[in-house]
Amino acid sequence: MMRGVRVQKLTGERRVAALQSLPDWSEVSGRDAISRVLKFKDFNVAFAFMTRVAMKAERMDHHPEWFNVYNRVDITLATHECGGLSERDVELAAFIDANAKVLGATL
Amino acid sequence: MMRGVRVQKLTGERRVAALQSLPDWSEVSGRDAISRVLKFKDFNVAFAFMTRVAMKAERMDHHPEWFNVYNRVDITLATHECGGLSERDVELAAFIDANAKVLGATL
Amino acid sequence: MMRGVRVQKLTGERRVAALQSLPDWSEVSGRDAISRVLKFKDFNVAFAFMTRVAMKAERMDHHPEWFNVYNRVDITLATHECGGLSERDVELAAFIDANAKVLGATL
Amino acid sequence: MMRGVRVQKLTGERRVAALQSLPDWSEVSGRDAISRVLKFKDFNVAFAFMTRVAMKAERMDHHPEWFNVYNRVDITLATHECGGLSERDVELAAFIDANAKVLGATL
């Protein structure tokens, strides 16, 4: 099953390579998850960014944990089904990075 | 100034009356703010709810602090300008309550 | 292929039954498509409705043609791949009807 | 009144200057309005763009007439209150142009 493979917990060298491909993300302490803080120009941009991620999340059926206040968005990614990081987190993180850049995010 | 009055910190009887008008909200411990947790059917509804609140927030120029994961939305309201609760938080909370109900929120 | 079947053009009795299940939709003249006009209380509700449909559309990979001005949304559904109506239009129309009702649409 | 001035119909040299500042917009035939067609990479970007414009529109209390299908957005701007173009259309058009560019719109 394609889905089965994609939600397998990343371990060993595959996990190391995944984290190296996402230099703007940090490992969450005490939990197998990654997080990133983003700042945009204002709320208008921040929420449009969140809308992009929301549509991608629905398409992937894989949703972020996120906090927002005004121009700031804190995002944590992990895969419920495997209790850790999977390929789906890597894909969603890469989407977030590409679109945050387009929308002028700092941090 | 209309805006000046609306961002004044609520105190005394006006604060008590405001909190009584918002029975679904709790006072945040250690901070002059209120919060509410909402659960919707799924992410689709939760994010449409957030979009309604986002547009209202832009119109009021008064933004929530909020956390979302899948069908859950945790919201905290306070007014930066006065370091506590103001009429604007009461207005935004009432908007949130009315629209959460329409969209079938529980909790 | 599941997708293949779902984008087949509806004809004969299946088409008749589909249209009967969607009494709020009209056939578009000169084209194998259906349309519906919706009015909401204001733009805030109309756009939140559109956000729900947008996320559903991404999930289905099946998108509406729609026009909006203020509280009004005109929607046309058809399936590009078959040049007419398919099961996917029926599914999206049913989603639209259910959510328009929740959000208090008239017309 | 600030609002009164901003919804006055633009005429004469002020109208000419406004149109010259918006080279990507066309005058609508038979009506005092302007329009622009935009194409984005996909629906995800197109709808995020629409969300930015929706929040700006709520803030200005000035809403577009727009049509969308997949990656395409057709926008018409005019001011109901004056039956023609006003400063508000110029402001909204400039916001649209700036954000369409950021999001990689073509046309």
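The first chain written gets the first letter, and so on, giving A, B, C and D; residue counts start at 1 in each chain.
Following the convention adopted for this analysis, a contact is a pair of C-beta atoms (placed from the backbone, for glycine too) under 8 Å apart; a residue touches a chain by one contact, two chains touch by 3 or more.
Because the structure is a prediction, the values reported are computed rather than measured.
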Where are there more C-beta contacts: B-D or A-B?
A-B
Which integer distance in Å separates the CA centroid of chain A from that of chain B?
26
Centre distance in Å when chain B and chain D are each reduced to the mean of their C-alpha atoms
32
Check: chain D positions touching at least 2 other chains come out as 43-44, 47, 51, 54-56, 58
Specify the contact topology among the chains shown, as one of line, ring, star, complete or other.
complete
Residue set of chain B touching chain A in the complex reads 43-44, 47, 50-51, 54, 57-58, 63-70
Which residues of chain B touch chain C in the complex?
43-45, 47-49, 51-52, 55-56, 102-104
Okay, in this complex, where on chain A does chain C touch?
51, 54-56, 58-59, 61
